[in-house]
Every structure is written in C-alpha cells, then in structure tokens.
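In what comes next, chain A is part of two complexes: it sits with chain B in the first one and with chain C in the second one.
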Partner chain A sequence: MKEKSVDAEALSGQFKAISVAEFFEKNRHLLGFENPTKALITIVKELVDNSLDACEEARILPNIKISLKEIGSDRFKISVDDNGPGIVSEKLTSAFGKLLYGTKFHRLRMSRGQQGIGVSGSVLYSQLTTGKPVKITSSTGKDIHIFDLMIDVAKNEPHVISHHTEKNPKNWKGIKTELETEGRYVEKGASVLEYLKQTAIANPFANISYEGPNGKEEFKRAVNELPVQPKEIKPHPYGVELGLLRRMLQSTKTRNIVGFLTEEFSRVGRGTAEQICKLSKIDSKKKPGELTHEEMERLHKSMQMVKLVAPPTNCLSPLGENLLIEGLKKETGVEFAVAVVRPPSVYRGMPFLIEVALGYGGQLPTDKTAQLFRFANKVPLLYHQGDCVTTEAVIDTDFRRYGFSQSSGQIPNGPLVILIHFASVWVPYTSEGKQAIADYPEIMKEIKLALQDAGRNLASYVRHKNKLRDRQLRRELFEKYIPELAESLEKLTDKERKKIIDELEKIAKKGEIVGKEESKTESGNIG
Partner chain B sequence: MKEKSVDAEALSGQFKAISVAEFFEKNRHLLGFENPTKALITIVKELVDNSLDACEEARILPNIKISLKEIGSDRFKISVDDNGPGIVSEKLTSAFGKLLYGTKFHRLRMSRGQQGIGVSGSVLYSQLTTGKPVKITSSTGKDIHIFDLMIDVAKNEPHVISHHTEKNPKNWKGIKTELETEGRYVEKGASVLEYLKQTAIANPFANISYEGPNGKEEFKRAVNELPVQPKEIKPHPYGVELGLLRRMLQSTKTRNIVGFLTEEFSRVGRGTAEQICKLSKIDSKKKPGELTHEEMERLHKSMQMVKLVAPPTNCLSPLGENLLIEGLKKETGVEFAVAVVRPPSVYRGMPFLIEVALGYGGQLPTDKTAQLFRFANKVPLLYHQGDCVTTEAVIDTDFRRYGFSQSSGQIPNGPLVILIHFASVWVPYTSEGKQAIADYPEIMKEIKLALQDAGRNLASYVRHKNKLRDRQLRRELFEKYIPELAESLEKLTDKERKKIIDELEKIAKKGEIVGKEESKTESGNIG
Partner chain C sequence: MKSLEKKKVKQNLETLGKKVVTDIEKGNNPSLDVPIRSLSNVRFDQKNKMIMMNSAMSKRYFFNVAHVRKFVQTIEAAALAKELVEVDKHLSLREAFYRMKRTLPNSNINLVDEQTESNAAIEDLELIAESPREKLHINANKMGSVAGKVVIEDKKDIIDWSKLGSGGWAIPSNVEEIEFKKVNAKFVIYMEKAAEWERLHEDKLWDKLNCIIMSSQGQATRGVRRLLQRLNQEHKLPVYILVDGDPWGAYIYSVIKYGSISLAHMSEQLAIPDARLLGLTADDIVKYDLKRHLIKFEDVDVKRLEQVKNYDWFKDNKEWQKQFKLWKELNGKVELAALSSKGITFISDTYVPHKIKNKEWLD
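On to the complex of A and B.
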C-alpha cells in the first residue's frame, strides 16, 4: 500500500497519560456544560450544593447569597457566599483547583456532593471560557484567606495566581466564590431560578437570597431546625463485589476472618461471621491476607447467602411527610397533597430510601401532562428527565387507577404534581452532570411502590373531584338540550310543556344524569 | 445543638484525592457496566473497536476472532484476538492497566476510541466482579509477551502479576485478550450479536468470526480494501476557547503571533494571521507568551471574526454511498435503499460529517416503528437511543412528507430502516459509555438536512408502493360489497343483475375506487 502505515514502534511514542482535568475539559458536557444556559445553572448548583453540605455537616443553619450579573455579551459574573465552616487554606486550593478531590467520595453517608468534581469542574469551565482565575475568600474563623486560583489542566493541580490574608476581627466563617463565565440567562423552564425554587422545597431550613439580572428573589427559611445529621456507615456484605472484597482483605488491619467480617462490615456480628466462615469452609482464624482466590470466591458467595439485617439507615436524612407536603403546597399552590416515605431498602449494598409526594388541583392545568419534581439527596434534578429511573417508574405506574388519564408509555395527564426524592449514601447518577438516576431494579421497585401507595391515598380525593366536575359538565350539556326540547314540544299545551321543562330542570340540577349517551336517551323518552 | 458537629479543622483531615480508577469503579455504569447484559456487550465492543482502530492505523485488513463462553452461573470468559500491529510491551501494561491512557486523546483524527478508558475500564470491571487478572498475549513481530495483569485501583496503575516471553518463529503480530467477567448473555435486542452485525455493516473490510454460547457466526469481509486513512489535523480557530488559547500561547514554541497563528492552527495563512493581528490591535511580532489578558481576549474575538475556510476533512473517513446502501441491504434485506453523504461541517472547530441511508420494504413490518441504526466513527450505538441527537433529528424531521405516518414527537412508522453515521475527529458522547451523541445545534442541523435529502430521494418509491398497496386494499374492500349488493339486486332480472356485477368487478379491478366512503356512495348510486 502506498499510504504511510504506522507500526507498533511508531505508535508506542504516541501513548500518553491524560489528566482528569484534560479529560473533563474536552468532555465538559459530561459535567453539565453542554450549552451556555445549562453552564450557569450548573455553576450555581455546584456552589450552592457545596455550601448546603458544609453547613449541614457543621450544624449551621445555612444563609446563602447568590449573585449573578451580566457583564458582557454572554459573559456573567457569579458569586456565591455562605456562612459555613470554611475550609482550611492548605486544602482549599485543591478543593477548588483539582478534579477528583474531596471529603465525600470515600465514605458512606448521604450528602449532596459525592465525586469531588462539581466545584473544580466549575472552575475549569470558567477558566476555559474566560481565561480568568476564580477568586475565593474563606475563613475558618481565624485569618481571612483570599486566593486567585486557576487549574493547571495538564497536571490537574491547583495553580495559585495570588494569595493574601486579612485580619478577621468579627471571626467570620464561610466561603465566598467569585468567578466569570460564558453563559446564557433564562428564567423559563430549567433555570437558575427553578433550581433555587426546587432547592427551597427540599431544604426549607436554608435561607437563600438571590440577586439575578431581573431583580431579587428571597427563599426564606421555613423551618428553624436542621434535619438529623446522617451518620457514616460501613459497607453491607450484600453489596460488596468480589474485586472489592479482595482489596479489603489485602488492606485490612484485622487479624483474622471473623475480625475482618465484624469490623469492616455493617450488620455482621460474631455469630454471623462464624456462620459465613463455616459456609465457606474457611478457618475463622485464618489471616485475611492469606486467602487463596478460591477461598475468596467461597467467602464472597457465603456472604450473600447468610441472612442479614438491612444496613443501618441513620446514614440517610429523609425529608419526611410533613416537609414534603408543606414544601409542595408552598411552591406549587396545589389544593391537596399526600406523601409517602418508604422504609429504607438496599441496592448493591447501599441503603436508600424513597419519598414521594403527590399534589393535586389548585392552579394546575387540567389538560396538561403532570409535572415531575425529581430530587436526589435534596438536590433538584432539572435535566435528562427521560433518562431517569424516576420517570420510568412514573410511566410504569398505572395512574388511571387513581383517576388520571394516561397513555401507554407516558406520564399521566391532569392537575397533578409528582415529587420523588431519592436519598442514599451513593446516588448512581447516569452521568457526572448528576441530572438523572440510573435504573437499578431495586430502586425502580421502591419508587413504584411509593407511587402506588401515594396514588391510592390521593385517589379518593381525585375521584370525588372528578365526580363533581363530571356532574357539572353533564349538567351543562343537559341544560343545553332543554331549549331545543322545549321547541319540539311546542305542539303540546302550555301547561304540559311547562311541566315537562320543570321536570327536566329538576333532573339537571340533581345531577343524576349518568352520561351523555343516557341523557340523550332520557330526553328521547320524555319527548 | 447536641449532635456532634464538624468544624473546618476536623473536616480538613477528610480531604483526599480520588484516583480515576476508584472513580470509575464506583461509577462503573458510566462506562457501560450498569447491568450484566450490557457488561458483556461493552467488553466485546471495547476490545473489538480497539482491534479495528489498530488494524486500520497499521493498514492491515482486520481479522478478528471473538469467543464468549459461559463458565458458570452469570460468569463468562471472553477472548478477543486480532492481527493488528500489537503494542510494545513497555506501553502494553499501561494501555490495559491504567485509565485515561492512550494514543488518541491528544490528536485530532477520526478513530473509534478516543478517551483511553474503554479497554482499561473493561479490565477494571472484570477484576471487580471476578477478582481475577486478565491475560494479554501480544507481539509486534519479535518475541511474544504474555502478561497476567490487574489494575492497582487506588493508584490507577497497572499491577503485573506475571510476565513471560516466548519465541515467535512465525513472526505473529497482534493482541489476544482473555478475561473473565460477570455477565448475562442474550441474543435479542441489544446484544453482542447485534453489535457485531452492525459493526459488519459499517466495517465491511473486516473479517469477524464469533463463537458464542449458541454456536458460530461469521461476518465475512465484503470489501478487500481499507478505507482511506484519515490524517491528523490542527485545531481550527473557530472552535478554540479562550482558556485553551491561553494555554496554547503559553506553551507554543513559535516566536511571534503570526507564527503562532499559522503553525498551531489549520486554515490560517500568513495573510489571515496578519489580518487577525490587525483586527485585535496586537503587534504581529509580539511573543506569544507576553500577551496580556486583554490582548488574549481581543485575539480570541478576532480569530472568530475573520473569514476562514472550513477545517480540512482528510481527517475523516466516511463510509460513502455505495457502502451504506450495500451494507444496509445485506444486513436488513430491504428491497430499496438510498444514501446521502453530506459535505463536512464544523462544531466547536471540530470537522464532522453526516451520512444517512434509508432502507425500505422487503422483510420489514409495515405496522411498526421504523428501525434506527446509529453509528459514531463506524461504531454502532446500541443504547440510550432516546438521549441521542440522531433520534431527535429523526423525530424533528417530517417523514409524512415522504409517505410515512408519524405522530408528533415520535419516530415514523412503516417498513423503514434509518441509518445515521456521525464521523468526526471528536465524538461528543453524552457519557463515557459512548452510546449517544450530544445535541450540538450544528450536528442536529446537518443530520436533518441529510434525512430530508434522503427522504426526498426515497419518497417517490414509497408513494408508488403506497399507491399499489392502497389500490389493493380498496379493491379487497370493494369486492367484499359485491355479494351483498348482488343480494339486494335480486329483484332485478338475471340479465340486469349479471351486467351490474360485471360492471362492479371491472371497477374493482381497475382499482379506481378512491376510498371507503366513496366506494359506498358509488355502490349506493348503482343500487
């Protein structure tokens, strides 16, 4: 062949490691930066979610200020300001300037952030589109540190442009982040405002004040108490894969298998541990690091075979029925709402819990598709609805049973709002953009059960309202026939005619006419 | 508050870097490992795509052997074997044992792989679910190297379990990968077989032989020539963001701005470079590293303002009309097919090209939704159809114009296959699982233009066929009325009746009856 071909030697020079920052810079759409509108929402979301996490963890009622200013064509300045605990300066630069760095990845506990790429991803996008550093002002109560920071993309390391400190006479604590970015501002549909509105529904203990291009908006604190703090837990034996078990066996500090099982896992007592050893035919005193591959496989199988209590659920922090109902009513103005909190369940060893609220009537249009509010660990999900297990569960649930119309494969129609909250120590997002939850069968099942439960609770109210509305409609329809009938009754004497019309009106008022077809038949009989 | 709160100091100890391998192990669904069925497809796909890339690059007609054996409950052994150039042993271990490592990320040229996480991700999943190393046998023509390999997840580095070499008297070149994994095998819908079948459509120059749990399948080479080899190109000024420009300015070896613009970008000649300098009011002799931020911003703006030729397209390797039509006919058995290859276009400075083929009739059902075959750089996309710009483009195209029925927001119905091929130096996948293409407006527009073009070419054939079918239907319908009519004509004399029936049958055969309603009217008139 004439073309220049490449052999293995030539190719070998081209092999190169790719830094995580390079990867996400080129694949920025994975982090939620596929268009300028979404970019603004993503940045605000990542910063606010981080502030809420920090405040909740430090047991501080959050006060968060967001400002978003248009400073040029498609160019915005965003600042987010919190009263959280701050971050010590040695860690601060990496927290903002290094992707895959954080406090939440390696622990099992419910929180909004989990990957350590949200905030640093925002910094990455800001510098990519504007070439400018971000400014971070933070204090843990001592001096105030002010950084101008960029990311060294090829190395995935923070690059400090400037750093100085100031006195902090009032012992201010918190973080203020200021950055410039390319973006586009909208207030309809998926938007910064919609994100904040839904955040307020799920976080009524937070004070959120927003100053946007079109004025100020306050989401005031509705509850003066923080939710119970979730606890960190150990992995549950049911969800541990063989490869992970292997690593745990090699790195554990425990001295024998029984110790390993009871100390590294949740819900394994000494009795169960010994039962597992017996089932897998492994000496319970054997050192964890000395197991052969065959023994590991047997151990892994036995761990799935013994009966275990579900993982502890104090690692979760649900919203609860009252909050769900109040939040939904407050933000959507529905006339009636029901809520269901399911007992915790497990997918791949991870505890999770589903909460559902259904809101009905009020201002909602009767002829549109129901609205769906999706939350994961109290964070609203605004995009990729079609890709989310919550949506699939709604489609799969037969809402016709609860008085709504619904085409196959579709979300139901009617004056209905559906709120679904997925709470877990690990949210299986379909992408790093964190906008949709992956379809695990256990999750699907729990959401459907919650929807069915809530649907049943709502159904009697809906049926009652439907009945009232149907009666009204039929009455109007029937009344329309009366004059026509009257005309064709002209042959009769006045007295007879009047009697018949009175009779008809009485029937109409009673609302006893059962349907369009029957009302026709009845009037026919009378005529 | 009573609960234990965490201050910034306590929190600081929890900050930790996350390795890319840890990240993708926990987020394995991002790489296409969300369920055991998809896991098998993903592993075969990543290995085969890599083999095809290597062969094409080394200008070798690919012979690829795939074997998939069930070796236990939900446990499979997969082996993929190619005749490519092999990988030199110093790079081989990282190529298989380190995520974000490869030859394709840093260059602009069309290839199947791009991130350097496909094959290593498969190794990661294999060891996670089975705890076992993968076995890699490779030679570049010299000795044969045999590795047993795992990934050190916490470090994201290859961990060589064993390595030995063998003599290679026949100078074999290639790579054989053998691994065990958890999985589930299906042959309906999205499956290993379907992936291979579609791969054969888009890669007719490859010989692919498959031995699965249910027997052998051969996809024989249909073309004995490799496609033209795509060339590597430099970035086009229109697609370069400010942050990237900044980095390029700082790292370039060129001595002045004119040199920087002409040497680091495609389609910028000396004249254009000077025009850009003039527009941005920057001295063309200034050193690239010495630009102020304001100058960079002006330079960036000016680069978008000058008129430039579209990027070179020899970096792309389209299939071409003939291949599209032949491939489609061979694998789907359609009776008629048309194809359209659009001229190259640009999104974010990346050249891309859309090819579309439409196949009609044959074995296809007339009452079902059209089938959609999606390809990106010759790789079939089997999942996340709803999330893909190709699907949106199909939905947005009015196929009723071309003789098909189509509900709003839906794929058209009828005996139709739609094949869309997106070819680019960089495919903007919606996730690392590489199953759907992100919705860039430029891409959307090009796909729609291609579909419209192909639709028009198909329409006359479809209309002709629809007419024939309608005639047939109406004739059958009309003929059904004849006996009934005959009965009600009994009063007439035999002669008259016979004459009328003959007349009616003549009309029916002509197929001139226009519709159900009219045929009734006509028979009415005659009676």
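On to the complex of A and C.
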C-alpha cells in the first residue's frame, strides 16, 4: 500500500520556536531539580546566593533569614528575606519571572550567580509542582512593592497576578521571597542545613538564621568586613569564543574595528588592535557590523595569536586568609587552621584565583577520611564531588608529607577539613547543575600549589600533635601495666602494692621518661 | 631439692624483685638485664666441646612501649616461681601459662596471650635468676621412655627399669632427685623416635646387648638430656644416638652432644661431649642399600643442611663434612623406620649390634 507522502510545506507548519522556559520545564535536571531533595536545596541556594550577591554589591553586611515549613506531605513553604538594596519594581518582575534575565550574564565580574536562571528557575519549579504564584515583597527604601507572580511559560515572560504597594515608614530595604514547592527534607549529607553551614564558612561576614522543620539554627556573623569589591572587566581576547565575538560585533557602538577592539576588550591598545587587523587582513577602518563570516573567523584567530598581557585581576574578590580561617573555625570547631591565597592566574582568557584553607583537630574524627568543602565564587558545591577538579587535586597531593595517612587515589585520612575556593569571573562547571568544576590544567596546577603550600604550613602543627598523641597513648599503655607490675612485685618483695603504684605513677608523670622516643627492640649490649 | 638450694633460688628471685623496687623508689625507669639468647651470643668452646653463652645483655625497661609487656611478664613469672618454691609444688609450662594469663583492668589486653610468651618469660627468668626451670618448680611435659637393667629410687619409690612391661619408665621432666641404686649396663642408646624405641624394647635389645635404651619424641627434652648426662658422667656409660638420616637428625645429635643455642647457659648440666652418632649416616644409605627409600629434600631441608653444616661445631669436622657433602649429592633423607624394609628385626638383630661391634660411629 502506498502511503500518502508528506511534503516539506506541510512539515514546516510543525516547526515552532520553544521558549527557554518551556525547554527548562522539560529539562529540569539541568537546573538542579532532578529529585525532590535536591529541588529544596536548589531553591534555598538560589535565593540565598542572590541575597548575598545583592548585599555584597551594595556593600551591606548581609542578614538573611530563611524559613522552611512543611505544609503537607512533600509540600513545603519557603521564605527567604534579606537586608539587601532591593530591586526597582520595573526590573523585579523580569528578574523573577523571566529565565536567562539578569545583571550578571553579560558582564565579567565575579559573582555567585552567573546566568540569570537560578531564581526564575526556582519560581518555575514552584509553579510546576504547586500551580501557585510566588510572592515577592521588595523595597529600595521607598514604597514597599508586593507582587504575586507567575511565569508565562510559552513566552518566557513574567505574568503578574497582583501588585500593590504599601507605605514604608521605617525605610526598610530588601527582598522577601515566599513560595510553595514540592520537595523532600533531609538533614544528613547533602541538605539545606549542610548548604547553609558551608555557606556560613565561605561567607563569615553574613548572619544567617534558619528555621527548619526541626527547629532553629543560627549561623552567626564572625567578621565585620566584606571581601574586596570586585571590579567589572571587559572580556580578554583569549577568552572570547566566535559566537560571542559575532554578537559583540553586531551590538557594538564603535565605528571601526580598531575602535571595537580597543573599546570592547581588555588589554588591547591601539598598536595591538592594528596588529590584529593586519594579521587577519581586515581593513582597520571597516565597520564592525559589516564583517563577513570569513573575516570574523580570521579576526577571532588573529586575536588568539597576538601577544597580550593577562587580563586584569581586580574583577576577583577573594575571601582572604582571615575570612577563610574565621569561617572554617566557627562552623567546624577545628582547633587550628591555615589558609593560602594564590595570586590570580588565567585559564582560557578568564582570570581566576584559588584559595585553600586547612583545618585540623578539634571535634573532627581521627579515623575517618578528611572532609572536603568545595566552593565556587563563595557558593558551596554539594554534589558530584568525584567529578570535580578540586577532588582530583586533593587526591594528587601527597598529604603523607604533612603528617596524614593517605592511600593512593584517595582523599587523606585524619582530623582534617580541606576547603578549596575557586574564584573567577566565569566558573567552568562540568554541567548546568553547577556542582563540579571542570579540569583545566591551569586550575589543577593552582589548586595543587595552594594545597602544598597550606599543607607545609600545617605540617609542623600536625607533627607536634601526633607526637603528643603518641605520648598520650604510651602513657595510657603504661597506666594499664602499672597495677600488674605492682601486684607481681608485691608477691615477690612484700612491698605494699599501693606504694609501688604511687611511685610508678610519679615516674610516669615525669615527662622525660614516658615521652622519650624509644627504639623498637631491646637496646644494645651492655655486657 | 635440698632446702639450701631452695633457699638460694628464693633469694635470687627476691633479689631480682628488690632491684626493680629500688629502681622505682629512686624514680628511675625500672630495668632488667637480660642475657641475649640467640646465635649471636653463643660460642662453641673448643676446649670444653660445648656451646657456651657469651655475656651480652640487653636492657629491658618498664617504661618502654616495646618492652613493657615482656618486662611485666618476666616479673610475674618470678612471682609465680617464688610462690611455687614456697609451697613446694610444681606446675607444667602449660599450667604456668594459665596462672600468668589475666586481663589488665580497664582494657582488653591479656598479660599473656600465648604459651610461647609465658615460656619465653620463664626462659628469661632462668637466666636472670640464674636458676634452671626445674629449680623454679616449672616442668615441661614428660616425654620419654627408658628401659634397661637399672634400679633407681625416685620419691622413695624403688623402680626397676627392666620390669616395667611394654611401656618402660616414663622419664619425668625433673630428674635431679633420682638416685641410681644399681646400674648394670655397658652403654646407652638414645633414639629420636618412640617407634624405634618400641622396636628395640620388644626385641629386648637392652637385655641382649646389656645396655639402656632411651627415647623422646623429636628434640630431646631437658629431663632426658639430663638423665643421659648423669648416666654418662656418674656411671661412665658411652652414649650412642640413633636419628633419622637428615640435617634435622644431625642437629638433634649435636644438641645432645654439645648443647643448644637457646639453652647455651645450661650446657654444662646437659651436654655430653663424648656422645656418638650410630646412625643413620649418609654412608649407611649407600651401604645398606636404602637409596630407594630416599625422600627428596625440600627447599627447607636444603636450607637447614647448609645451616647445620656451617655451625662451628660441625665446620671443622672432616668426617661430618663428608656426610653433609654426600647428603647433598643424595638430595634426600632416609628415616630410621626404613631399616624395617630389610627385615622386621633387622635394626636390633643386625644394624645396631654390627655398628657397636665394629665401632662404626661418627664422633
């Protein structure tokens, strides 16, 4: 039987653009919503990250309140509010109700969020699982605006259900977000609590209070200084991909190629710009918008060939040794911590910087593997530890040199916390879930150097402690044998057992005998 | 044991205890001087023809992680020995192990976990307190039989070694207090295996050749060695030895003759420098056509052969070196029991009488 053929005309009618929102509705795992447990963490994380970013940018010491209530089976009400600058009401609806909308994607400056999909993704997930709008209360210091908002999935546009304003006599500033969602609450392993604890480590300048289903938890501010304010930089030619270059060429306001290169990029002066034009055989006076595809490709290639100074690094905002140590100490209760901040380096034209802190002892178990806390731009990474370049660098570093035991291919053992902070204008995540950092050789090298440096600083303390512990163990061993020896000696000499014990205890307390390192075999010939 | 000797042993043990207590009172790390019992601390004395102990000592400290356990074990062994001497009772090594075994308070550590530990502590104590185990009232298991025309007195019992049926007299581990009443024998034959002893006993060899036959299983126990030595010294009886034809047998012979490494300090009470090896020699294997019964040497046998061959007491003995060389060529051992292939009573009818008559032995 002959089937009726479908022609191209008919087929073309089936083509239609899908909105970003629609795409993510079907691919929620890309945003970190693949299971109910993770969904809950992701929503809290996105809202808190945004609050921290806003406060830091406005140079405000953050006070963040999180509340998470179970309102039904697998149904939760989440509310996050901050003391940040707020968002003007015209932009607010888009920030919450439009995916890939944000202040951060088009600029090169270190921040927690980078794509503008986190918060709107959370709104979308809430809407998908409960059908309810999200409630946003915000003020920049003037009137308080209260929105009930949903996302028009087909158009990727905010859909305002209601909007009203209230007077703001106390000049409150900030944003409060309330939403309902499906989820599952846990407190072990990767959890909201763990995320907040690690956030508190990397953001010791923030005060975070949390009210969860099982009670309140306060992560107190440990320092009253904010990290350095990062500056915004222009892209460096080495880090630009062809697609971005095309968009930049089309949207630039500059009138010729030389102007385009010097204005839109960092580290490109007039001489270098002309050199690039010459290399790519493009007339330096040509209008940027008029380049052919071949010319764009030549330009892109030439930009990679010229010799350039590395990008400026004032776009980075490291925590610094003090914040690292204070943060680690307050949340892990370690007795000793060291921190190392590496000088900035570059991967693919992107400046980045590695900070490492090692915490030792205190409440940490002595017979377990070390804990690894990974951070990218001050945000804790809770999942996919095995895929992360930081993990690989830890495994590759020989911690036995610093007084720890470590099997090959493994994280070291002992009462140790390893904190690694990757700070960059662009974090090369292995996937959209943003849980593991990709393995670039430059990044790997920097992490290892930082770990080695910190390891060396920690080593003398660890050795000292190991020695004390050995001494303690020796002492305990002798303590066990003392009553036995006394009993035998009493039988042998009739001297009172208690006296012998007292005298032996006295010798044991004298450090020089018990503390002495001995040879393992019976010592030398005296005969 | 004579009461004077007993007093001396008790005194030695108490002196040891007092030394440690004095250390403690002075606030020093309590220590013991322990003579080293290993090949490095023995020498073969050419003049006496005995393995003798050198004077190397090791210090054993209480406050030393590697020593503390052994230290307390040694003192506990001393306390136990003192108690035994006082109440005039004897314990076996196994019983002594159980007496010493106890759990340290607030721990899961036992003072001794294995009998080898208590044995070692007792052996060290023998050296430190200069008193052999028997005098410390600790005995090894008895393991030996004897028959012959000999009458002894033991604990007021009169015993005739020729009238004890098929089992013979079981040799106790302590033979110090045995008194020889009547000895009607020209020599003693000691054999490595109880099976051969039973063979010779059933064949009444001791009656036919007018001798004493004695055995213990494997390495001769102290009681057996001391009894051999007393017969040799007090009654001038030559001692002849029958062992399997291999390096292990050669060592059993050399222990009876020259003493052992671990008991080098007691060689004078145990060694019999004029003891002789009757068989099996490597020559016997050829002479008596036993090659077809050769059990091929394993690596450990070859290694042992090299070791034994190079001991000081064999090194310069041409006859013995010839034997070792032949063994190496034969590359195998022959057991005494293999002689039965020549006839049920071949060993007692032919082999032993022939060897004795022709003075066919190794010295």
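One rule holds in what follows: the second predicted complex is superposed on the first by the 386 of 527 C-alpha atoms of A that agree within 3 Å, B and C clash if a C-alpha of one lies under 4 Å from a C-alpha of the other, contacts with A are read in each partner's own complex, and residues count from 1 in each chain.
What we mean here is this: a residue touches a chain if its C-beta (ideal position, glycine included) is under 8 Å from a C-beta of that chain, and two chains touch if they have at least 3 such contacts.
Keep in mind that what you see is a predicted model, and the values were worked out from it rather than measured.
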Discussion item. Just to be sure I read the superposition right, which of the two partners does A:Leu419 touch: chain B = first, chain C = second, or both, or neither?
Written reply: neither
Fill in: Greater chain A contact set [chain C / chain B]
B
Worksheet entry | Which of chain B and chain C A:Met296 touches, first, second, both or neither | first
Worksheet entry | Partner chain(s) touched by A:Arg474 [first = chain B, second = chain C, both, neither] | second
Worksheet item: Looking at the overlay, what does A:Val394 touch: chain B (first), chain C (second), both, or neither?
Response: neither
Worksheet item: Now for A:Ile437: first (chain B), second (chain C), both, or neither, which partner does it touch?
Response: neither
Worksheet item: Thinking of the overlay built on chain A, is A:Leu364 touched by chain B (first), by chain C (second), by both, or by neither?
Response: neither
Discussion item. Looking at A:Glu503, would you say it contacts chain B, chain C, both, or neither? Reply first, second, both or neither.
Written reply: second
Fill in: Interfacial residue positions of chain A with respect to chain C in the complex
474, 477-478, 480-481, 483-485, 487-489, 491-493, 495, 500, 503-504, 506-508, 510, 513-514, 518-527
Fill in: Complex interface listing, chain B residues touching chain A
1, 3-9, 11-12, 14-20, 22-23, 25-27, 29-30, 34, 54, 57-60, 85-88, 90-91, 94-95, 98, 100-103, 105-107, 115-116, 127-132, 140-141, 153, 173, 226, 228-229, 241-247, 293, 296-297, 300, 384, 386-387, 426, 428-432, 438-440
Item to complete: Report the residues of chain C in contact with chain A in the complex, numbered from low to high.
Response: 13-14, 16-18, 20-21, 24-25, 27-30, 33-36, 54-69, 71-72, 75-76, 78-79, 82-83, 102, 104-107, 109, 111
